[in-house]
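There are structures below to look over.
Same chain, two partners: chain A is paired with chain B first, then with chain C.
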Partner chain A sequence: MSSDEQREHAAETAGTESGVDTAGSGAGAGTTSRSSADSDAHTTTSAATGAEAPLVSVQNLEKYFWENDSLLDRLLGGEPVAVRAVDGVSFDIYEGETLGLVGESGCGKSTTGETLLRLQEPTGGRVEFGGENVYEMDNGAVTDFRQSAQVVFQDPFSSLDPRMTIGDIVQQPLDIHDVGTTDERRARVRDLLERVGLSTDQLDRYPHEFSGGQRQRIGIARALALEPEFLVLDEPTSALDVSVQAQVLNLLEDLQDEFDLTYLLISHDLSVIRHICDRVAVMYLGEIVEIGPVEELFDDPKHPYTKALLESVPRATTEERERDRETLAGDVPSPRDPPSGCRFRTRCPMVIPPEDLQIEQETFREIMTARERIENRDISLETVGGEQIEFEDGSVPSADVPAFVDLLHERLFDEPLPGRHREVVDEALAELADSDWEAAESTLRMEYESVCERENPGLGEGAHPVACHLYGEAGTGENAIDPDTWS
Partner chain B sequence: MISDRLKSSLKREFDQSLMAKLGLSIALVIILVATFAPILATHHPGQTGHFDEEGSSYPPIGFDYQTHAWEDGDDGRERIPHTVQPTSEHVLGTNNLGQDVYSRMLFGARTSLLVGLIGTGLAAAFGVPFGLVAGYFGGRTDDSMMRVADIMLAFPSLVLAIALIGVFGRSVQYIPDPIVMAGFAEGMPEYAVLPGTVTLVVALVNWVWFARVARGEALAIRNEEYVKAARSLGASNWTVLRKHVLPNSLTPIIVLATIQVAAIILLESSLSYLGFSGTTLSWGYEISQGQDYLRTAWWISTIPGVAIVLAVISINLLGDWLRDALDPNIEGEGGV
Partner chain C sequence: MTEDIIRVEGLSTRFFTEQGQVNAVDDLDFRIERGEVFGIVGESGSGKSVTARSLMDLIESPGRITDGEIWFNDAELADSVAEGNEEAVDGDFVDLLSITEQQRTALRGTSFSMIFQDPESSFNPSLTVGEQLAEAVEVQQRASANPRSTKAKTQTADYSFGNYLLSTMLPSQRFVTDESRERAIELLELVGIPDPVERADEYPHEYSGGMLQRAMIAQALAGEPDVLVADEPTTALDVTIQAQILDLLDELQEENGMTILLITHNLGVVARMCDRVGVMYAGEIVERGTLEDVFDDHVHPYTEGLLGSIPDLASAGGRLQPIGGNVPSLLDHEMGDRCHFADRCPKAMDQCLEHPPEYAAAGSDDHTVRCVLAERSYDEQDSLPTGYFDETERPAGDKHEDPDRSAGEPPEERTQPQTTIDEVGGESR
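What follows is the complex of A and B.
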């Protein structure tokens, strides 16, 4: 029943896109032709979400890397440090759909892709492929899994062995799994190369003789050789010229329809995601913060991080670009020591003030940023007073404290804080005049501790879950705080 | 395996570099000489007693030297001055035992090259797989394997070599010489002598360098996406090591191997100079023979010394040439 639906869908999309060939079509053509297919794909997917079991089910997947964990480090008594590249992510991928995984670089999306393919062993959680746990498969099952799940990598230069010919590269999967006779393998390689739009008289050439786009096609041909069901596309176009990107994306879409493929598309590029995905998962610092159907997520992003991401998409005019710069301030915190509570709170413009506090949202953000710097000891107190104020043995002469506080206040805030907030903050800053960081921290925490730093909001269930306290328990609307009142 | 690009880059470097030409010419001469030693030699290298009528060693052509002879005079035996003239029979003179230096140099080249090449081959055969496995698997495996290698490196190589020879004893292998066997060189030794222990020992001392280079390469290559791709296709570690890691780490290993031939020749010479070799047909041994006669018969030590220097320098020049030609940074691409 559902497979019929799939086929129909495939035929239909193939129909809509038959005019869009792999070669020579610009990005514009690809995008417009997609939009009609989008709504179609969307219905298929939501039908799938309802009943069908997912093809890939990722449950609480965790991948920590350990630093300072060598023999020598342990002999010297160093504590190993966990780098939480992937920290408990869960999502499902349904047959025939394309799920996008988007986030800034370093957020753990590529590690997620590699770990779910068991190219790296996870530190926790499970991944089910066709109902079977990938990490508990015996050798035979792993071999089957290796045939059904494939990957296309970001860098078409590094993903092809420079010492192998194109023919050998595409044939390698057939050799490894011992598929058919030598002649049959050769014939299949020719088919595959033709299918991805390369000419077969290039079989004996080496990768360096091809352009980036051609190499990526070779990588795709290799991934298809074993007739997989599922492909992880790890930034498949981000190393390519813009003009070639659309061609490769269109090829991937055509192949998906032709071979009933399911995709996990990892990308930091929102336009790529929008072009090709049915649903999108947004990742931040090892966690998924929002999952939803692509149109819904782009038209009505819920999580403040998703909003910030969408707003930072490059705009045509410089004016707009200037404005966008400011939407996502600050650096991504280190995954070695992620923030408590909500991981986005160090940058979130909507970070939630304590309930009974009267404060402007922007002012609160500024205070939270200042608190963050104090907690990280990220202010060099010696330089605050410049020449005028002496800073010796970690403190300022008591006569100079008010001047010191004023200078520090000026340094931390664009404009002096209004009313009572200035008093509270300056009290904390005066404690810094004695280098008493802890006292400053607790003074500020007493007044400004946010729910966002106490509790990590869970992602929850449903078709469009969001991990943010603004949306209350698990995005159900319960305890929800209306985000508009804060903006 | 050898692509056109590699060929052209080798050629370009060769054309541009005088040193490469020099290195290659000398090395070719040494190889030819070592191969055809029985034909090129004028005397059996072991044959003693080639002295002049007064029992003095001949100097090389173009040199003569003053010594003295004894003569029965009125007051019994008398010391009289005597000038030794060179002879065209012995172009490089004869040594203290009256052996033809030229012939001994040719056969010494054989020993040096055999030990150099076989020793390097063995060192690479131990070191490369060791290093590739350590680097490819990384983590604890790498840690413990490379500690072993570090311990080896902590010993001075000569001391280690002598200790190992002490353990294994000295043995030599006789390899039938096809040129002599086929009757092309009457009266020459029928066997080439390979000092087996020394060959094994120099390999045991020098494999660590191969291990380190191979490990470094494997560490880098295992993170290449083509390795991930192969693993996602289901390739076993063995396949990945053989098909991807080894071929892609060959370039620096080849360069290292070239330079190691020189290092091993030098080590072999040191060992045979110290008398640990097991064969007397060796440049190093020859130096030790002549060192008591440096004041008068300087050539006995100096000529083998020059031979060692030429061999080592020429091989190093070859190594530089290969390195420059193969260097992926200059080429701009990793592939060869």
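What follows is the complex of A and C.
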């Protein structure tokens, strides 16, 4: 997100449209005034449903961004391409807890945070906040929602307006929502700054005079100004040094205790998640692959992606060099054209072979990777033969085909494949000698099609659901597969 | 006994800014053994990137290396330099700061290479990756054809439209020969890029971040350097990709016996990669030693604070123990002649008002620490009164920087000069 956009967003969440009519403008500083009807609805729902009902409930949330969607593209007849940033995400956040949302860059975690706050309009799905659908609220209700749900952004350098003093920045949400009298607002700002660990004589300074950690404190003070119930923390410490990060994490924990806040913490840093969260959701390419209580998920991760993620983090101990690590190969695929079935299958070290196939896991992984490249037409056949084999009009002279297959085999696999697999694969490679990609594809698919590419496993229900075929049908545990049976 | 490949003595790099003189690197000593991975760890603004750049001679105005010697162990180089410049040579060692600019330049790539933090901005977006790698190969070949000469640089290779047109017609005007292209592809393969033949013809934007970092490592390896300086090589990458890159560096180091100077803020990366470590703070190494010395037997309160700040991945721990305050500004007139950490130190004593020398500490022979606690234990009687630094040194500022600590914390401000350092050091994340 560009810095301008972020600033705009910050101001927007901090106080939606200005000039909104509020009923209790005489309410004292520290109490929030709301338009009465809606606030009643709010309190009654949360009170009636009790502790069981989640504060925030996200159901099948989708957010696509469209490419090639300008007027010119339409005139030229181009098909818009969907970038599926968030693709059917569901989770609940209960009052007083911290839910962590963790994943690599580009997996859609920040978009999820923004969309559930209605900073972005969703493509599909619904979000309930205290029982009310956020996307169907009218203007008054949205204003209330924005008072009770706030956000802290990642980059403390671009999310504060450089032309406003920090006093004004923190006061702005109070002004926009017309809370209290001028004096009361000022007093509240002082309170807030003190609470986040800044001194009140810094009120008239500008953001550039502060360090990163201090600016993040200002961002937190601004988010707290309206006494929200729920905070989305979007990578709140990833721009900070570790010693300052620790200060901010401690502060967030204190504030949660003091004000009974509910957090959605978005982060790529697993150790931060572990430290501060009660439950964790792991995201990969727009989907949640595993949700569970923090202890369980870290001590006994189920999804192969969660396992790999945990393995990859270098620990700051002297035993680190001797630790056994299994690192993931490859990159995250593009969300424009996500893999069919399970989205992690292109990198998964545990990808499941067809039931009746006798094959080593590693060999199967290699074959699947080669298949992926053939399906993406990601091999330049011209260069395979080098100088020796002529490659003209998309094919190799028939006499050279065996040599071509050998060279291509060598290029795709570290070691020659064992036994029958070599025959099957080489048959497909021979089809590539005529540039017959489709034939090669189907030859290989016939033999090696995995359940992981046919079906999306789905997340399922329960306290610790996991979206992986190894654990059977979503939520039921039926048809679970034991990895030991297939090698 | 392994020999030293680099000895840095009394290195000072300063930046002369409008706000005053910034002592980014201050009287720094360290040595690196041949074939080891030496790590420098510290927060942003501690001077670690400037150290790396000083070694590569990449300091730009308003910065300057004002003092010190960088001794590089290379018998061949020593021979060629010895004539006419005896002072710069000491046995097999050559002082890189006393040789001529041309000799220095010729070392870049062949003896020293550097990889940077941000691979996206380190490549030219308008040339294919293969071409950029081949160019690096070409430069190295010319350098080795004319060792230590002024011709080491690409002299004709100005990228201009005219040259481009000429190159389409005259083979001699092409920037890269077929051989260097072949070599570029080999290098891409070496760093584990799948299908290097095709990838060589792609542009940087077609690469993912991890692949681009691999390509940058390939470029750095083009001249088969003795020393690889890696400045935050994985900071911009995701953890799964970071693990891949660290594995790659490990492999390359084992195979080629390369020496690596690793600059990072991530203690996990240090633990994963390094043999010896220096912890840097305010332009100095405050504690150094083997990995075990620094992680298990550390003496300096800063090292302790740094390690205490990391949330534990293995268990949901209690409260973190952060260091209060911020990294100091490094402005000369604000630094004073005391222990630079004293104002944030929970164990600051009267003695800390004098700048401490390096003391030997328990553990391996290499373990030294710039803190009086190596010599004596902490005694509350001698501790500085609460709020000592508030009145004496800085204007009133942020008294409540850290709510977890009593009001005795010093005010710190990180204003413009700090930004300058950040820019120079390129440490913003």
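General observations
Note that the second predicted complex is superposed on the first by the 418 of 487 C-alpha atoms of A that agree within 3 Å, B and C clash if a C-alpha of one lies under 4 Å from a C-alpha of the other, contacts with A are read in each partner's own complex, and residues count from 1 in each chain.
One rule holds in what follows: a contact is a pair of C-beta atoms (placed from the backbone, for glycine too) under 8 Å apart; a residue touches a chain by one contact, two chains touch by 3 or more.
Source: prediction; values computed, not measured.
Aligning the two structures on chain A places chain B and chain C next to each other without any clash. Of the two partner chains, both chain B and chain C are touched by A:208.
When the two structures are aligned on the shared chain, A:294 is found in touch with chain C, with no touch to chain B. Judged by the touch definition given at the top, the superposed model places A:219 against chain B, while chain C stays out of reach. Of the two partners chain B and chain C, more residues of chain A are touched by C. Touch criterion met: A:308 reaches chain C, while chain B stays clear of it.
Applying the stated contact rule after C-alpha superposition, one finds that A:76 touches neither chain B nor chain C.
Contacts of A:399 after superposition: neither chain B nor chain C is touched. Closest C-alpha contact of chain B with chain C, superposed model: 8 Å.
On chain A, the surface patch touched by chain B in one complex and by chain C in the other comprises residues 208.
On the side of chain A, the complex with chain B involves touching residues 70-72, 114, 117, 119, 142-143, 146-147, 149-151, 153-155, 158-164, 172-173, 176-177, 206-208, 219, 222, 226. Partner chain C is touched in their complex by these residues of chain A: 104-105, 194, 196-199, 201-202, 208-211, 213-214, 238-239, 241-247, 249-251, 253-254, 268, 270-272, 274-276, 294-295, 298, 308-318, 320-321, 325, 327-329, 331-332, 373, 378-380, 383, 411. Those residues of chain C that touch chain A in the shared complex are 43-44, 194-195, 197-198, 208, 210-211, 238-244, 246-247, 265-273, 291-292, 295-296, 305-314, 316-317, 319-324, 326-327, 396-404, 412-416, 418-419, 428-429.
The touching residues of chain B, when paired with chain A in their complex, are 1, 3, 140, 143-144, 147, 224-226, 228-235, 239, 243-244, 247-248, 333-336.
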